[in-house]
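Naming follows writing order (A, B, C and D), and every chain is counted from residue 1.
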Amino acid sequence: MNKVFSNAHAAVSGIKNGSTILLGGFGLCGIPENCIAALVELGVNNLTCISNNAGVDDFGIGLMLQKKMVKKMIASYVGENAEFERQLLNGELEVELIPQGTLATRCMAAGYGLPAIFTPAGVGTEVANGKEIRNFNGKDYLLEYAFDADFAIVKAWRGDTMGNLIFKDTARNFNPLMAMAGKTTIAEVEELVPAGELDPNQIHTPGIYVHRIFKGVQYEKRIEQRTVRKEA
Amino acid sequence: MNKVFSNAHAAVSGIKNGSTILLGGFGLCGIPENCIAALVELGVNNLTCISNNAGVDDFGIGLMLQKKMVKKMIASYVGENAEFERQLLNGELEVELIPQGTLATRCMAAGYGLPAIFTPAGVGTEVANGKEIRNFNGKDYLLEYAFDADFAIVKAWRGDTMGNLIFKDTARNFNPLMAMAGKTTIAEVEELVPAGELDPNQIHTPGIYVHRIFKGVQYEKRIEQRTVRKEA
Amino acid sequence: MALDKFQIAKRIAQDLKDGFYVNLGIGIPTLVANYIPAGVNVILQSENGLLGMGPFPMEGDENPDLINAGKQTITTLPGSSFFDSAMSFGMIRAGKVDLTVLGAMEVSERGDIANWKIPGKMVKGMGGAMDLVASAKNIIVAMMHTNPKGESKLLPDCTLPLTGVACVKKIVTELAYFEISDNGFVLLERAPGVSIDEIKAKTAGRLIVKGEIPEMVL
Amino acid sequence: MALDKFQIAKRIAQDLKDGFYVNLGIGIPTLVANYIPAGVNVILQSENGLLGMGPFPMEGDENPDLINAGKQTITTLPGSSFFDSAMSFGMIRAGKVDLTVLGAMEVSERGDIANWKIPGKMVKGMGGAMDLVASAKNIIVAMMHTNPKGESKLLPDCTLPLTGVACVKKIVTELAYFEISDNGFVLLERAPGVSIDEIKAKTAGRLIVKGEIPEMVL
C-alpha cells in the first residue's frame, strides 16, 4: 500500500483527455502548483476543471487555459484573466458559474456520501433556472448535486506517507473538501513526513481520502493583492 | 462580549423544563460531566435529550434519568442502562432510535444551515416508516431533517476565552457537531486559555458556534470497557 | 453635504454591537473595519476560511498563505481560527454571522439586490455573494445612491440580474440611511445638510418618510 | 469439523488486501484483526472517529479519551487520525471503507440483514449498523449458521426487523463460506470435514451448489 509518488509527473498519471478534475485553492492561495505544471507538460485537453477561480493569465489554472486544455470551467469567480475572457467570448470555453458556498458544499457532499444538498444560495436568481426548489420552514432552497469528479488535485502544507494532510492558514480553503470528493485524489505537500510524525488530533484530511501524495518543489506562492500597512 | 462563565451552574442557566438539549459524547467518552451534574442539581424536567447514548445507570445521562428529568431520549444506542429500560417499559420515557450516522449528520446539517440531508441509512427498515424516499443514481435515500435544539452542551479538551475549541482523541465524536447545532451552545473544557494561545490552524470548533464556555473540574472520565493486553 | 465613502463606512460602523461576527464585502464595506467604535469588539469573518481577520501586514510580513476573500494579504488576531470553505459558508448559512455589509449595483424596495452581473459585460461570477445574501439575517448595503449616469440605484424592481431576493435590511448611501420595510425604503436618517427633497428626487423606488428625519451624527 | 469463532475470523482475514480500510463490528468481527496475513497492511476504522486503530493498551496505559465503537480502551498506530462522527460516517457513506465485517442474527438470500432488534425484547438501538450496511460496498457477515434453537439464520426472507436490504456480499459461518448472488446463497467453501449435506440441511434459504466445493485452507 504505497501512496507516495516521486514527483508531480508520476502523480498525475492517468489523467486523460476529457477528465473532470477538482482543483483546490482560492485565487492563487493554496493551489497545487506542481500538479498544474505537470498537467501543462502532459498536455491533456478537453478537461472539465472545477475550482473556485481560474487563476490569472500566467499562473495557476491560467497556465492550462493558455494551452487550451480546458473545455469547461466550473467556478464561482473568474475575474483577473484576460485569456479566459477571450476564450469565453470566442466560444472556445464553456463556463458554469456557481455560488462559492454551493461549490464548497457540493464537494463536501461528495466526500460525505450525500447525493445532494439544499441551499438557499441562488433562489430567485438565474442560478435557480431549471433547478428544483423546495421550501423548508418557510424558506426556499435549491437542490444541488454532489460533484462527481474523476480526480481531485489538492495542495497541503504537511502530509505523511499514509496520505494524512494538514493545511496552513487560508490556504486550506477548498483543499480538504476537494480531497474528499475525488475518485482519485492527488495531494502535493510542502513537507512529506513518515507516518506517525503528525499529531492524529490535528489532521484535517484523513489519509483514507488520499490516493497519491508527493513532496512538491519550488513553490512560488504568488500573491495576487499585496496589501500592507505603513504605521507601526 | 464575554463568553466565559465561572462554573457549570452559571453556564446552564436558562435551561428550562421542556428544553431540547444536544449532549456530546460517545458512551461515557467525552461527555460534559460538569454540565450534567449541574443540570441534575438544577432539577429541570421534561427534557428532550439528543445524544448518541443514554449513559449508564449511575453516570452520564443516566444521572438525569435517575431523577426522571428526561421526557424523550433521541439516541442511536441505549444499552447498558437498567433504569432507562425500566422507564421505557413503564411508559415513563419516550425513545426515538436513529442510526448513528444520521444522528451525526443531522447535527452537522443544523450547524451548516442545511435544512435536510439524504442518507441511505435505514432504507427498507422501520426507520424509513413515514419518511420520504428519493432515488439518486439508482440508490434510495431517506430525507432526514436538521436538528432544531435549544441548547447544545459539549465537552472539549482545550478552549479559549473566545469560545474556540479543541477536542482530544475519540472524545471528539459528536461534540464539534453538536456545538454547531445548538441555538445556545455551552462548552466545558479541561483547560481554558486566553485568546491567542491556541494555534488557529488546530481549532476544531470556531468560537462563533460557542456562546458560553467554562473550565470544568474533577473529571472522572469513567471507562466503560477497560480492555488491556498482557504481552509486551 | 453628501457623505464620502469613508463617512458611509463610519455610519455603518455605528451599527456594530459588541461581540458581533461580521462579514465585510469588497469596496466601501471593507472600510467599515476602520471605524469600529471604541469599546466594541467585533470579529471579522472572511469567507475563504478565517474568523478574526486582522489588519494588513507590515511591509515584509506578507504571508501568501494568509489572504482575505478579496485576495489581499492580511493578518490574524488573538483568537483567530481557520476552517475550510464548507464550514465557512456553513456558519454563514446557519445564521451565525450577525451582520453582513455588501456593495450593490441596485436594490429594490422589497430588498432584492443585484450586484454581480451586467448584461453585455463579461461576467466574472458571484463568488460568495449569493450565499451571503441568501443566508445572512442582517444585511446592510453600502453604495452610492445613483449610478454613473445619475440614475437611482434604489428602485421599484431591480433591472439587473438578481443576486438575492428580499434580503437587504438596510442601505446607507452618500445621501441617507434607509431601512427596507414591506412597503418600501423607510428613510431613517439624512446625511448632514442633505434635504428630503434631494433624497426623494434621487430615489426611484417607493420612499417612506414619516415624521421628522434626523441628520446623521458622525 | 465446524469452525470455532477464531477460525471464522481467520477465514475472513484471508480476504483482506494490502491497503484496505476496514471496519470491524463487535464480536467475531473484532477477532479478524488478530489474523491479518503477513505482508498485508490494513487500516482499521472505528466509527466513533478513528482511522488506524491499534491493539488494546498495556495495563496502566488506558486512555479514557481513546475508545473504539465498542467502548473498549484502545491505542493508535503511526499514521492514525481522529475526526468527528459526521466525517466518520461521511467516509463510510462515500464508500471509502473497503470492507465491513458485521455480525448478524439473520441474512436473507438477497443479502438483507437483520441484526439490531428482536420483537418483545428491549431494543438497544442500531448504533452505526444501519449506516454501515446501507453504505459499505463490501460487507462480510460473520455469524453462527444457526440460532440457539438450531434454526437456520440463512433464510429466504428475514423474519426479524431489517437493518438493511440487499447489502450483504459474503457470509462466513462455522460451516461454510457463501457469496450472495441474485439467486441465493452460493456455496464457495466448506469448513474442513463439513459435508454439503449438512450445509444444505442447515440452510433454509436457497442454496446454490455448483461443481466441486473446496474445503477452506486455514
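Convention: a residue touches a chain if its C-beta (ideal position, glycine included) is under 8 Å from a C-beta of that chain, and two chains touch if they have at least 3 such contacts.
These numbers come from a predicted model, not from an experiment.
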Neighbouring chains shared between chain A and chain B, ordered by label: C, D
Pair joined by the larger number of C-beta contacts - A-D, A-C: A-C
Most remote chain, CA-based centroid, reference being chain C: D
Inter-centroid spacing, chain C versus chain B (mean Cα positions, whole Å): 36
Where chain A and chain C are represented by their mean Cα positions, the distance between them in whole Å: 29
Chain centre separation (chain C, chain D; CA means) in Å: 56
Sites on chain D at which at least two other chains make contact: 50, 76, 82-83, 86, 89-90, 92-93, 135
Junction residues of chain A - those touching two or more other chains: 105, 112-114, 119-120, 167-169, 172, 200-201
Arrangement of touching chains [line / ring / star / complete / other]: other
Every chain pair meeting the contact rule: A-B, A-C, A-D, B-C, B-D
Touch list for chain C against partner chain A, complex: 46-50, 55-68, 70-74, 76, 82-86, 88-90, 92-93, 112, 122-131, 134-135, 161-166
Contact set on chain A toward chain D in their complex: 1, 110-114, 160-162, 164, 180, 194-196, 200-201, 203, 206-209
Complex contacts: residues of chain D adjacent to chain A: 18-19, 21, 41, 43, 45, 50-52, 76-83, 86-87, 89-97, 135
Chain B contact footprint on chain A (complex, rising order): 105, 112-120, 136-137, 139, 141, 145, 166-169, 172, 200-202
Contacting residues of chain B [partner chain D, same complex]: 26-30, 52, 75-79, 85, 88-89, 97, 99-105, 107-108, 119-127, 157, 167-177, 204, 221-230, 232
